[in-house]
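Several structures are given next for inspection.
Here come two complexes built around chain A, the first alongside chain B, the second alongside chain C.
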Partner chain A sequence: MSEIVLKIDDKEVKVAAGTTVLQAAQQAGIYIPTLCHHEKLEAFGGCRLCIVEVESRGWTSYVVSCLYPVAKDIIVRTRSEKVDKIRKVLVEELMAHAPDAPELVKLAEVYGADRNRFERKESFCVVCGLCVRYCDEVKHLNAVGFIDNGAEREISFIPEVAKDVCWECQECFALCPTSYAQAAYLLTEALAFPGQRKAAVRAAKVPVATQRIIPIKPVAATT
Partner chain B sequence: MSGNNIDGIIAIIEKYRGQPGSLIHALVEIQHENHWLPREVMHQVADALEVPFAQVMQIASFYKAFSLTPKGRHEVHVCTGMTCHLRGAAKLQAKVEELTGLRDGETDAENKFTFETGACLGSCSIGPELIVDGKHYGRMTPEKVEAVLKQYE
Partner chain C sequence: MPKLQSVAELEKYRAEILAQRDPAKPCIAVCAGAACDGMDSAAVAAAFVTEAGKLGGKIEVRTTGCHGYCEKGPNVVVTPGDICYFEVQPADVPEILAATLKGEVVERLVYKDPNTGAKAVHMHEVPFYKHQTRLLIGDNPKIDPMRIDDYLAVGGYAALVKALTEMKPDQVLDEVKKANLRGRGGGGFPAGSKWETTKNAPEKTKYVIVNGHEGESAAFMDRAMLTGNPHKILEGLIIGAYAIGAQKGFMYTRHDMPLLEKHVRNALAQAKEYGLLGQNILGSGFDFECELHFDVGIFVSGESSALMRSIEGNPPEPRPKYIRTSVSGIWDKPSNLNNVETWANVPQIITKGAEWFTSIGSEKSKGTKLISLSGNVVNSGIVEVPMGTPLRTLVFDIGGGVRDGKTLKAIHFGGAMGGSIPADLIDAPLDFDGMSKLGAPIGAGGLLLMDEDTDMVEIARYLLDFLVNESCGKCAPCREGMPQMLHILTNMTQGKGKPGDLERLEDLAEVTGAASLCALGKTSPDPLKSMFRYFKPEYEARIPGGSGDK
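Presenting the complex of A and B:
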């Protein structure tokens, strides 16, 4: 496979053709912030936080690095005044959903984002799609999916599927940057199949102390 | 699934059995045949076309052409676009709502009418207009609405 040489933040990087700019940066040990990226999943390009500045033959453009393939002799800048400003607004928009999400709190500090800039949204899901894509691509269970479109887009657990598989898996809960996946599951359970899990536990006579509890992600202290 | 055209739906599902790539075609045809997509039908589509139910839901909820709630036998539209609005669409809408007892987006219990508003239905010159099952009634006035709706059973 042919190799491509490009420049990322003044560092010469050599990677295989077809690599994305994000992967190339990661291989070179250069950090680009991401939210919807996960190495086991297809690139999604949903959060736009991984945006970088690319200079190619004198032209500067802004691209989403998790989707953008490397090209010969391009110059990538992972931070610039404009890149930082775009990320700041993106973080502010995401914080309208989830002002306390640890990853966002950290990013807000870096980019000087104001968590109260935009009006609070009802749902704290940032539609990164990690839960939906993980359930589909890795687990092949499709217990959670997208519904609706545009600004109304949401994730939704499918009760018929979720009731049999989610409690045993719960893997998407830990992936979710905002803990919404877990909340959405519990709400679905409460509405669509309440008590089923407790009944099963009772029937199996599992002592309460050894029942699995939801592994709640530690929320980083907002100092 | 009473009230649904079961044979028609089954025929469509069978036509696309085992073809995940035809999901949208199948849903479009079922929507056309049945005017809405009941959940059980979407489950059958998922099973037959071998796609996850979550994906069927994703597609069905994404496009406004699909309805996930029951639709009446007749679809009544009042244009609320700017031209029709200036020509009195609001009064027209109020009259339709009064006669049918339906608000925007609702369907009556007998599944007779579904009432929806829409913005600019492309016939500004004959506005304000009332559209029933695709038939345009131009220059509509609140007084004439009753006679139009009476034609539909």
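Presenting the complex of A and C:
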């Protein structure tokens, strides 16, 4: 495969054709913020935080780096006044849902986002879709999916599937930037199949001290 | 009907149809377009059929697609002479038939000028029609959309014949490029360049698509074309497929219009029966199939990449356009998508040539444009004018001005993703680039008139409310930004505007426009941007303590 040379933040970077700008930056040790990106998953382009400025043949455009393929001689700027403003407002919008989510708090500091700028929204979910996509693409379980559209879109565990597979897996809990996936699971359990897990635990005679909520298995860290 | 095996057979068949028709025999065309249908034109048509039946075939009755003058429906046009009757009721039918037999006119049902009382009998005298150039919609009163023979009788499929027999695919493409036909769906992108991209894409399997979704609010001309004259669009599509080298086409349209579905389904079946679709079309060696596909009920399914995902059987979520759908579309195959009106323009470009086509219109926007006229206008309906026509002609000469004697305040183009311009820009020409520069891009062609009583904050709120419900929710700026804008605007309309609201709105508009994944999100702040450009004082007045932008 042919190699492509491009410029990211004044640094010359050489990568294989077909690489995305985000991957190219990561290979060169240049940081671009992401929320919905995970190396094991297909690029989604949902959170838009990885937006960068690209100059190509004299034209400047704003593209999301997780999806934008590298091209010869393009100049990428991972930060600019406009890029920073976009990230700031996006973080402010997401903080309307989850004002204390650690990743958002960190980004708010970098970009000067005000967590109280916009009207609070009742859901803690930032709809990054990591749980939904991980469950589909990596686990092939589809125990959690998106429901509804637009502002009403949220994640939802499918009780018929979740009751058999989620407690054993729990891998999406650690991926979730706001801990909402875990909360949504437990709510589903409480509503749709209460007591089932406890009965199983009792039957297996597991000591109370080890009946924990946090994942038993370690999960591959997000990038 | 046996399949037509060659061009000669088609022309022979066309000659037979024409030989059976006497142009002097009176024919009554009853409009069954959506608006007339809503005013029970079906009862009028039924009365004509019953009463004309008693006359022993002296008068023909035809149920047709939309004539255009929706305001005055049910519309009836009598040929020869194109005598227009308006607001016809079943009780008027015997009188019209009697007068038609005698070669007379029913004076009380013809157009009467609301100011002068002057009457207009023939279509070319009626003000609503006489300022138009009806190249596309003009055939509607002449065609029963359920009968392919009616389309053949007005010269239908002659362009396809010409393309298949006299032109190579490259020549067809060249003609469309020379005609500078620009996409009628919103962007005004040159159709020829798009065709060329798909044609030159390396994959052998290629698709062509009619985008007949028409989700834009206040736009209703595509459904009128597709329901009223489906073969015209199909003919354009087959010609396009021939030029591009596509083997398969899709008509993507609305699931919620039974009449449209019936007509399109019937048109596809008839074209297949006649040998205009399928293997070896008219003996040319060119094969092409076309399938009908329906949307899933949300606005964003009209966005090209979402539409293609929908055809694949996936949820209609837009895909980032870093790889164009014309190169990698349905099932990753090169897929050329054009709007209904764009395809409808193709047959006449082939028949009459690019030179003829470019003689109509403005410098950079050629041909005519269908416009849906609505809002506080006297004559609502579907209008077709050459590109470059001043808005004043559309609004006053054709539209009859503002309803109830009020003053014009603003003109809004392009539905929920368009923009509003103030009345003093009324002399601006209808032109893709010109209107975009003014901040009111033509979009698909929905023109909304607003009178002096219109609250511009409420308009922005109303349009955004529509889009919030239509967003798919995949990307953050669209999903989060639009509801936040809507929240602020709602507060402002309820007298709860707060200091900082305008600045918040400006930031949200900027970021939603810059960072959203697809055109729905990217253009959602456009109405608001046009408001800030032309009507900002109205917004400032909603914030306590002056501009409040502290």
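Going forward, the second predicted complex is superposed on the first by the 213 of 223 C-alpha atoms of A that agree within 3 Å, B and C clash if a C-alpha of one lies under 4 Å from a C-alpha of the other, contacts with A are read in each partner's own complex, and residues count from 1 in each chain.
Keep this in mind: a contact is a pair of C-beta atoms (placed from the backbone, for glycine too) under 8 Å apart; a residue touches a chain by one contact, two chains touch by 3 or more.
Given the structure is predicted, the values throughout are model-derived calculations rather than measurements.
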| item | value |
| --- | --- |
| Contact breadth on chain A, by residue count: chain C or chain B | C |
| First, second, both or neither for A:E39, with chain B first and chain C second | neither |
| Chain B versus chain C as contact partner of A:R48, first or second or both or neither | second |
| Partner chain in contact with A:E160 - chain B first, chain C second, else both or neither | first |
| Touching partner for A:E168 - first (chain B), second (chain C), both, neither | neither |
| First, second, both or neither for A:R117, with chain B first and chain C second | second |
| Partner chain(s) touched by A:I86 [first = chain B, second = chain C, both, neither] | second |
| Touched partner set for A:D10, first chain B, second chain C, both or neither | neither |
| First, second, both or neither for A:G145, with chain B first and chain C second | first |
| Which superposed partner A:Y68 touches (first chain B, second chain C, both, neither) | second |
| Contacts on chain A seen with chain B and repeated with chain C across the two complexes | 146, 148-149 |
| Residues on chain A engaged by chain C in the complex (per definition of touch) | 44-49, 51, 62-64, 67-69, 82, 85-86, 89-90, 93-94, 96, 117-119, 126-127, 146, 148-153 |
| Interfacial residue positions of chain B with respect to chain A in the complex | 43, 52-55, 57-58, 61-63 |
| Contact set on chain A toward chain B in their complex | 132, 135-136, 142-149, 156, 158, 160-161 |
| Chain A-touching residues of chain C, taken from the complex the two chains share | 298, 320, 322-323, 468-477, 479-484, 487, 504, 507-508, 510-511, 514-517 |
